[in-house]
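Written out below as structure tokens is the structure these notes cover.
Every chain is named by a letter (A, B, C and D) in the order it is written, and numbering of its residues begins at 1.
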Amino acid sequence: MDTFFQQIINGLVQGSVYAMVALGYTMVYGILGLINFAHGEVVMVGAMVALSVIQLSISYGLPPILALLIGLMVSIAACMALGYSIERVAYRPLRKAPRLAPLITAIGVSMVLQTLAMIIWGREYHAFPSLLPNGSHILFGAIITEVQILIILVALAMMGGLLLLVHRTRLGRAMRAVAEDPSIATLMGVNTNSVISTTFMLGSALAATAGVMISANYGIAHYYMGSVLGLKAFTAAVLGGIGNMYGAMVGGLLLGLIESLGAGYIGDLSGGFLGSHYQDVFSFFVLISVLIFRPSGLLGERVAERS
Amino acid sequence: MMTSAKPHAPLLELSDIGKSFGGLSALSDISLHIRRGEIYGLIGPNGAGKTTLFNILTGLYRADGGRFTFDNTEYGGHCKSHTLARAGIARTFQNIRLFSNMTALENVMVGRHLRTRSGIWGALTRNAATRAEERETLQRARELLSYVGINRPHQTLAKNLSYGEQRRLEIARALATDPKLIALDEPVAGMNSTETDSLKKLLRDIRAGGTTVLIIEHDVKLILSLCDRVAVLDQGKKIAEDTPDQIKCNSAVISAYFGIEPAAYEQNSTKLPTARLPDQANHDHP
Amino acid sequence: MRQRDTWLVLVVLAIGLLALPFMTDALLGRGWVRILDFTLLYIMLALGLNIVVGYAGLLDLGYIAFFAVGAYCYALLGSPQLGLHFPFWVILPLSALLACLFGVLLGAPTLRLRGDYLAIVTLGFGEIIRIFLNNLNSPINITNGPQGIGMIDPIHLGSFSLGSTHELFGLTLPPVHLHYYLFLFFTLLVIFVSLRLEGSRIGRAWMAIREDEIAAKAMGINTRNIKLLAFAMGATFGGLAGGLFAGFQGFVSPESFGLAESITVLCMVVLGGMGNISGVLLGCLLLVVLPEVLRHGSGPAQQLLFGRSFVDPESLRMLLFGLALIVVMLWRPAGLWPSRQHRSELTAKDNLTKSSRDDRT
Amino acid sequence: MTTPELKSLLHVRNLKMSYGGIQALRGVDLDVAHGELIALIGSNGAGKTTLLKVLAGLLQPASGTVHYRGTPLMHHAAHQLVQEGLTLVPEGRGIFARLTVKENLQMGSYCRSDEPSIDRDMQNVYELFPRLFERHKQLAGTLSGGEQQMLALGRALMSRPTLLMLDEPSMGLAPMMVTKIFETIQEISARGVSILLVEQNAKLALEVAQRGYVLENGLITSSDSAAKLLVSPAVRQAYMGS
């Protein structure tokens, strides 16, 4: 029984990171109808920048908690600037271009970011310093570390904050209005370009935070970490119904849980035939099955074909 | 190929077609019948449900209730687009939907898809049957393009045609499917009066060639001067179905459509020129 | 007159293509002949993907899976792994056929999905195939897992082995040259099939679906079947290329079939010009040759410019490659050699005279 | 360069516009004075919607001049025009279906920052349309067509327009609702807002307007006082053909 709860806890932690990254995909998709394939690399940049800043702060003798905070802040700022630039350079000139053109520029941006990161930080795995108390608690027979608790709390706080922003503020209304109909939003006096830029920056801030979280959880940062994470988060966004923010959160958490339960039980389920290596197969399988029955994801709107 | 039916036998009969979107009723209990060989008009103010009805007829929407009979075959509320196309219903779209990066000729050739059969094997070997079929397709496509009056090079991309030509190309493409009924969704929207006039002539020619024409229009004057019979939709309901002359005097139609009370209309209508009446008489009593 | 010109061009082209490996060998070295062989494999792959993405307009991000299916099919039927050693002319068609079957398997349940959803599902499918290949070594060892399958039989045409050097007509033909000619044959076949399909009833139906699916439906096209056909054809080309790849390399492992490979092939198609065979050829040529040039050239270039090497050539290659993708797309969003838009406008006048001539006959 | 007359709020001269191969506007001249209610009528495809879109900055004209309050309006982005008091209620209402009624109204006042008076204006809108107040927490997509039109009008009022442009406010509405909407339009006009009303329902529009223009095939074919146009055969001809 305790493995079950252990897998649930691991799944929730992993899922909250997925959810935060998935939000970035889904917000951009909702507003531009575009898959921001470079988003995963923003997560990686967030982690790597935080790593460097933290190492620097520690070398100046700052207390660990403060170093972490500074690292997080700097990496959020850096990623927001990065997100803004990616939109300006790689997407905005292609708004009216054929659909696949921005996809290719996004791939180009990913390659550039990944290679730059490799040049700057090298190919090796970096140990992400553990700056938080190393305590852990027993919950229903499962171990949960304080880092994990913090990850879940921060993720909840940030997602809650985002929802408040989107649903309770003038900017949030404008974002939803642009997502629904940019030209009508313009008629209300909304500068759609600046709203789109803001959306990219918000998504990037979440991505930076997620990058720091996941590095802190596994104690590792690496120039290649963005690809896989981005792919998973994109899967989560589609699972929940891309374009829908609640969908991204539900999809992220669900994917985290599916993966960790899959990893834990797939052997038993398949009579020992499939090992835990198949956890990714399992999650894609769930995704495909969901899409076959609900072609627009779990919470996605059914898009009626218009003539 | 025309079946040996009586000229006035119904080709298409709708009964009790209903459709609602998210609780808002777009169409309720629409029943109408279109006879073989007539030009049938469907008018109504914006949002009356004309296009919705069209989309049901051509299989894009699923009706909530009701059924329709086409060419003596009964269909339920929903049927696949390509099945209906095969049965002989072809359509054009309100906001032109051509294959814009294909040439004018290819657009019409796609219309022949339904009446041709060669598959992968034929494509690879280009055997005699395929070559013959391609030749016939090409020939028919060229004929249709000149029939609707597109005199540009047939290799022009559809998106580079003028607006009026694009409308005509859509009609040629629809005709390529050998339809029994061609359904046109606002074919003159955005055309000037010369273009409109020549389109009217084209539609009459099409009818004379044995194809029944169903036309949705916003432009009442066009419908009244062109159609044999007209149905009027308002708020998703049919409020009249009659000859143009009768429709003109129908008070429900006048108030729904023009917002002009019957009395005022009658007074002024005496001043209206009646030059096109003989023209219509020709159609009503062939 | 015109016909004679065409023949002349064809003859020159044929001689050029036949002499290419020797010229490359002499001028650039044998490594580049190998790169030529890979270019041909990529062309087959890209033309297959071009059917799905370029003609039918279906975004497939897991296309490399069909390449993998073909390659592993070949590897399993012609290596000590399962102890099977079927002849080339049996395995290669089987590889293509199996890939075709996988294409249908993937296509059937997913064709209802809208563009971007289809993208992620195909991506997932590609990953699933790769993960299975990576892990099907236990409990029963089928694929040999991450180690991959080695010692694959070299390609034999009858008793003629492409795996060893031959002396023919006074020429020395090492394996890379021999494979070049075999691949050239299949590439030309794939180009031929693509051309035939493009100008056929089926090809028109694919393009109609790409341009406007609803209008295509209204024209009576059974969009489901036609899309499925696109998946099947594309997968067949992929499987064919995969089989040839396995026979050429003598070794296959899952890491050759990752997402990055799918994306590379997609870039070739989109960058060159979707839906245009010449564009796709150009895209392949650029994206295979450019990285190699960068790989070999960036080190010496840095030496020359700065006197020392700042960035290792491999990283620089990736960096410039990424930048090239961005710049080219910003500069020509429809690809370097887009399909038709420009061509037909340029030749519209030509066609007028041509079509009027056709009309008379 | 012609100097627009001072009393003219909106002054349009020789406006041309074409897209998709058709010339939608072929040289339109039109004036709206302060406080006027102008009807622009014409059959479908005459270019009415295109004209409004050009005026609202959504489309760029090919040539011609537009002066608003005496200053030229070319090359302003649409979102800047709203701040100048030029507000368009688009055809088909264009409400944000996934926002609540209240949020839609708040979007209307997006450009303003004077909170107390925004609140007051919202109260005014609710008084004008009590139905909207009853449903202020609902998603706008769940409203009926008439309620959506009320919302579109109310939302436009929230921007405190100087010139309100309405594109076919009666479209797809039940007769009762049309009456209600037109009463409201008159009321808005009475408060001093200048209105440019585009309508297919010629009689309705001319009954409430002071002056009217008839647009046919991208050209103004007649302009006169509404009362005169109402009985003029020109209008009927524009619809029924000659």
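For this structure, a couple of remarks:
Please note the rule applied: a residue touches a chain if its C-beta (ideal position, glycine included) is under 8 Å from a C-beta of that chain, and two chains touch if they have at least 3 such contacts.
These numbers were taken from a predicted model, which means no experiment stands behind them.
Looking at the partners of chain C and chain D together, the chains they share are A, B. Comparing the centres of all chains, each the average of its CA atoms, the largest separation from chain C belongs to D. Chain geometry summary: the mean Cα position of chain B and that of chain D are 33 Å apart. The mean-CA centres of chain A and chain D are about 43 angstrom from one another, to the nearest whole unit. Chain contacts: chain A has residues 305, 307 touching two or more partner chains. Counting partner chains per residue, chain C shows two or more touched chains at residues 214. In the complex of the two chains, the chain B residues touching chain D come out as 22-24, 45-48, 161-164, 166, 186, 188-193, 218-222, 224-225, 235, 255-256, 258-260, 264, 268, 271-273, 276.
Those residues of chain D lying in contact with chain B across their complex are 20-22, 24, 43-45, 141-142, 144-145, 168, 170-175, 178, 200-204, 217, 231, 233, 236, 239-242.
Against chain D, the residues of chain A that register as touching in their complex are 170, 173-174, 176-177, 180-181, 183-192. Listed in rising order, the residues of chain D touching chain A in the complex are 56-58, 77-80, 82-83, 87-88, 90, 94, 96-99, 103, 106-108, 110-111, 155, 159.
Chain contact summary for the complex, chain A toward chain C: residues 29, 35, 89-90, 93-94, 97-105, 107-112, 114-116, 118-119, 227, 231, 234-235, 238, 242, 272-275, 277-278, 280-281, 284-285, 287-288, 291-292, 295-297, 303, 305, 307.
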